[in-house]
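The following blocks contain the structures, represented as structure tokens.
After this come two complexes, each holding chain A, first together with chain B and then together with chain C.
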Partner chain A sequence: MLAKSTAAKSKKQVATHDVSLASALPWIGPALVLIALVVIWPVIELVRISFTDISAAGSLLDFNGLTNYRELLANPDIYPVARRTILWVFGIVFFTVILSLPTAQLINQNFPGRKYVRWALIFPWAASVVMTSMIWTWILDAYSGELNLTLTQLGLISEPVDWVNNPGSSFYFLMAVAVFVSIPFTSFVLLAGLQSIPNDIIEAASVDGASNWQIYRQIKFPLLRNALLIATIINLINVFNSFPIIWIMTRGGPGYDTDTTTTLAYKLAFIESNMGQSTALGVFNFIVIMMIVGLYLRVTKATRTEI
Partner chain B sequence: MKKLTTRSFAALASLGLVAGALTAAPAQANTVTIKVVTPNYTDDMPAYYKDLNARFMAANPTIKVEHENLSWDDILVKGRTYISTKSYPDVLNLNTFSEFAAEGLLYKTSDLFTEAKLSDFVTAFRDNSKYNGVEYAVPDLASARMFFINKALFYGAGNTKIPTTWAEVTAASKKIKAKYGSKVYPLAIPLGSEEAQAEFQIWAGGNGGRYFDEAAGKWVINSKANLETLNQLKAWVKAGYTQPNPASTNRTDAFKLFSQGKVAMINASVFFPSTLKDYKSKVDYGVAPFPSANASKKPITLGVQDYFMAFKKTGNQDAVSKYLNFLFEGKNYAGFLKAAGGFIPATKSASTEVDSSLLPFIEQLPNAIFYPGTLGSWGTVVAKITTQIGTGITKDSKTVLDSLQKTAVAAGTK
Partner chain C sequence: MKNLKAKKFTPKKVATMAGAYFLAWFFVYPYINMFLTSVRSHDELYATPSTHLPQVWQWRNYIDVWSHAPIASFLKSSLIVAICATILVLLVSLPAAYFLARYKFKLRGAFLLLVLATQMFSPTALIIGIFREVDFFKLLDSYIALIVLNAGFNLAFSIWLLAGFFSSIPTEIEEAALIDGCTRIQALRKITIPIALPGVVTAIIFTFVAAWNEFTIALTIISSVDKKPLPVGLTQFIGQYDIAWEYLFTSTIIAIIPVVILFISIEKYLVGGLTAGSVK
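Up next, the complex of A and B:
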């Protein structure tokens, strides 16, 4: 009797499960098709092409195994670019976070005109990065840029400085622009984090005599951890993939001196017509992104179970 | 108001599209559509093609022309994307043809033009349109380069004679720098990724340097002559005779500086006078043959030509042949040259009626050296030279040239 009822129960369970999967398909089907078409298929193509010989004119020839990868690794220009990419990603994310923490704090305060400050802050994020990069190119232009004009009129410099094209400073200016573009999003994620902190904890702490710094350091900051982690990881992906800033301001030049692996993959393919090495580098870039995404999934899963 | 007009315009346009599709449908059966992709030499090009294509389609009702006019930056990328995705254009106007010819994608010009028509193209340009001895493209126009000076700055600094050797360039630069200080750059050397290959070649050519030795059939990018040239350019940069960061200065930037009267000497192409006019420049300029390394070396000019080519597709041969022949008809081709803005004509018949400002350049053509554009590997090699050669100014010149040589050797001589 008992056995029969368990069997019946488990059968019923299986049936419900089947029904729910089948009934879910019409709902998730279109999304699955879309993902297969615009995400999975291009990835498969990328990997397939990376094992193919490609002519300078761009025609696909035969399967040639790991040759593209071997050529990429034998290319001496790759290594400085890879090192620079690490500096690019971690440098920008570090300074973005450092500057966004106080910014989020500021726009969380109640002060007259806060709405307008928030608008102003989100603007660089809402505007196209291409536009922002062009504006910065003009600001920093050696001969007619606003920065040089102002500095000359203030008497701080006697002749124009070519900020963006000077090999010593070029890459740092690009990074600064990238930080400028990344701050709005990061600040707003942190702002959301700040707003989710219950007010009574903070009130209780201040009643107990905690200083503002103590409240921040020991209550707000630890509670911001989730928002901070997510903002950091999303920034890692954005910055690693960032293309327009570098391409518009220096085209990765002179030579490869301001290239990252993302711009280099493009340059190899479309400027140097070296499609083979470019696809191999594309696969490498894809693996890096997948690793960061994996990290993101782990972190979000961890934070969800905590809650 | 603005929004409203855009919206109603869009509605009208979509209505028009629908109507167009409805009426066009029955005729489509025997209509050939050809796609023509061209670079934007100047902003007059779209209007020129609009008129040309309308007249062509009126004369040939069974041929429909789809035209795409792209900036040079875009056409180099998009052109390649078309090829790699096998959506070949039918007619392409570009600065290189050999890699497409190497893959057997192009019609021979003898399949498109009669011999009488072909013989009207300037012979030197025709020779540059051959891959493995067969012509696969026709020249559309050409340019040559000369040495431009800003007369006021140059003579104002006490110079009396336009330099013919590198030593005289140094001497003149010294005088100009002494007179004007940091307000003026005596010499502009744009080695940025726009046209570095040309800037380097014209200086190196005056020292007997080439990228490819035609006679020996091998790459000579790291030759002694080229190394000496790069070191000389470097020396001028070090002495402060040039604009800062030559490796990041594009030709357009340098042209702008010259047009603003901030540069005294510059290498510039045949269309430079019309560019100066566009910039509304007030600079009074002089033109002279390009200085060579020393008195024993022959002065040269760099000849550059672009090409029209047609891609092989089933059923398009007649249409592309008609289209190209139509474009090269006297009046139409004259319009093309006018819209492109002051280049040297590619046909003998058009050469007889050029503007007098072109004459000094045409005189230089016998001394012209050309890129090895007939090699299938040239496209790959030139792309690398263009982005990398400028780095030789700040890095070790020999390392940069050696690395380029290595790339070229790997790309082959076919």
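Up next, the complex of A and C:
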């Protein structure tokens, strides 16, 4: 990867021919149309409905200003969900990053079978999150799951515990599954960052008598800053948008006890036919995402000069 | 010689290997458990005390599942949607990526920014808008809506990745072809795309796998059983009074193994496309 990307870089051609926008359209026009259809139209539609009185059957009645937003804010259920969403996003991203740093370091070492260890890490990344959530539901099952079987055999528990449906532990297990599916992508981004650090810097430091920990702390980690930043921001967005884990494992229930604002917006719209509050919450979610996207654009713009 | 051997297995190296193999086990374990569950009999799943390994390896679950659930129909829907979405992404992203790599034009920066922003959007956040738009076009419960939406949300990855590949190919090669009498399209088709083939293959596999795994859009806009793709169809197993876990997991094993192999084959290019070239 390192050799490849530096080779590509040295040969990289800068787009040189200046042409008019009209002659660009046949080439980029289809992409623009597709983006307009799948992203821009839904955004406009979402915002428009949030200011409209809408019947449960879905027909639009009248412009009603901020009524949907007022109703949403008057709904006492959304405050615990909002607080839980903050825990969900920051908790998962924190543990994902903390665990991915040593993981990336480990799969960057030279040892027999390294290739297969990297392949193993691809499983949760390539597999459908829906299906991964299904197997975790089964592993955590109170009576037949592998976790309780193992804990019982080790003498750590005497009675089966229903981890996923127990109000005290439920949400933390959902978070753990989210960390599990987030680590592979994050580790591979950090691995790419580690691989781009020139070997001679490391060797020079090691000749000068730096310990491994000093090399990591004072040379590698600062040079990883960029990869770490990008991985963190992409994770913030992915985790905030995360839907299948909660939907498959608990449906956000019981009640709204394991919902985030993302699953709640879906539940309000498609289960409870409360389009008004759902679209207001949807706009709120959209604004949160826009802020993270803005952060991402700033960071990548600062670090990227060309494609 | 002795020294070399001693160097090969220092305590540090042994610790590294132990850590790495444990890590590999940890990330594959759920899928191993999935497989072990898929070859058990239904009675054994609920037997107490349960066991780590199947008492009887019931391989015929892999045959019976086809008659027990509409797996063939789910697979068909998944294949249709994923293949068509991949073709659409290629048709749209190849020209856009090529043009971005070769030409400067007004608003080029704005276009790049738009593409980058769309990569960050997941359909989940916009799902109500998406549902109403699809309804507006009278395309609820249709493959075509699913195909277009899957293509749109995975377009950015291909544009970024392919533009990076195209810009690493010297323009001189194409110009030589033009002098030899090729049209620009011919030069693109016969010279440039074959050189950028690893990028094209990566774009194909990434889009296919993403569409294969997509859940939220399909859950929302598809209602007929015979049009449901795998991830949505399989959720029908969940929530039933007596979930047929063994058939559920034979189906997920069938769905997961091919895409893991595909992803492994493009491992070294994945990060570049997903981080829009900003991690290097």
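Here is the rule we go by: the second predicted complex is superposed on the first by the 285 of 307 C-alpha atoms of A that agree within 3 Å, B and C clash if a C-alpha of one lies under 4 Å from a C-alpha of the other, contacts with A are read in each partner's own complex, and residues count from 1 in each chain.
Everything below uses one rule, namely that a residue touches a chain if its C-beta (ideal position, glycine included) is under 8 Å from a C-beta of that chain, and two chains touch if they have at least 3 such contacts.
Everything numeric here is computed off the predicted structure, so don't read it as measured data.
The wider contact with chain A, measured as residues touched, comes from C rather than the other of chain B and chain C. By the touch criterion defined above, A:T279 reaches chain C but does not reach chain B. With both structures placed on the common chain, the touch criterion links A:A192 to chain C but leaves chain B unconnected. In the superposition on chain A, contact is made by A:F270 with both chain B and chain C.
Once the two complexes are laid over each other on the shared chain, residue contacts for A:P254 go to chain B alone; chain C is not touched.
After overlaying the two complexes on the shared chain, residue contacts for A:D162 are found with chain B alone; chain C is out of touch.
By the touch criterion defined above, A:W138 reaches chain C but does not reach chain B. Touch criterion not met for A:I219: it reaches neither chain B nor chain C.
Applying the stated contact rule after C-alpha superposition, one finds that A:V39 touches chain C and leaves chain B untouched.
Judged by the document's definition of touching, chain A residues 58, 143, 270, 275 lie at the interface with chain B and also at the interface with chain C. Residue ranges of chain C in contact with chain A, taken from their complex: 13, 16-17, 19-21, 23-25, 27-28, 30-31, 33-34, 37, 45-46, 48-52, 88, 91-93, 95-96, 98-108, 111-118, 120-133, 135, 148-149, 151-153, 155, 159-160, 163-165, 167-171, 209, 212-213, 215-216, 220, 230-231, 234-235, 238, 245, 248-249, 252, 255-256, 259-260, 262-264, 267-268, 270-272, 274-280. On the side of chain A, the complex with chain C involves touching residues 1, 4-5, 8-9, 11-21, 23-24, 26-28, 30-32, 34-35, 37-39, 41-46, 49, 58, 103, 106-107, 109, 111-114, 116-132, 134-139, 143-144, 146, 149-150, 152, 180, 183-185, 188-189, 191-193, 196, 226-227, 230-231, 234, 237-238, 241-244, 248, 262, 265-266, 269-270, 275, 278-279, 282, 285-286, 289, 292-293, 296-297, 299-300, 303-304, 306-307. Those residues of chain B that touch chain A in the shared complex are 76-77, 80-81, 83-84, 86, 99-100, 102-103, 105, 182, 191-193, 244-245, 247-249, 256-257, 260, 262, 376-377, 379-380, 383-384, 386-388, 390-391, 394-395, 403, 411. Partner chain B is touched in their complex by these residues of chain A: 54-60, 76, 142-143, 158-159, 162, 164-167, 170, 250-251, 253-257, 267, 270-275.
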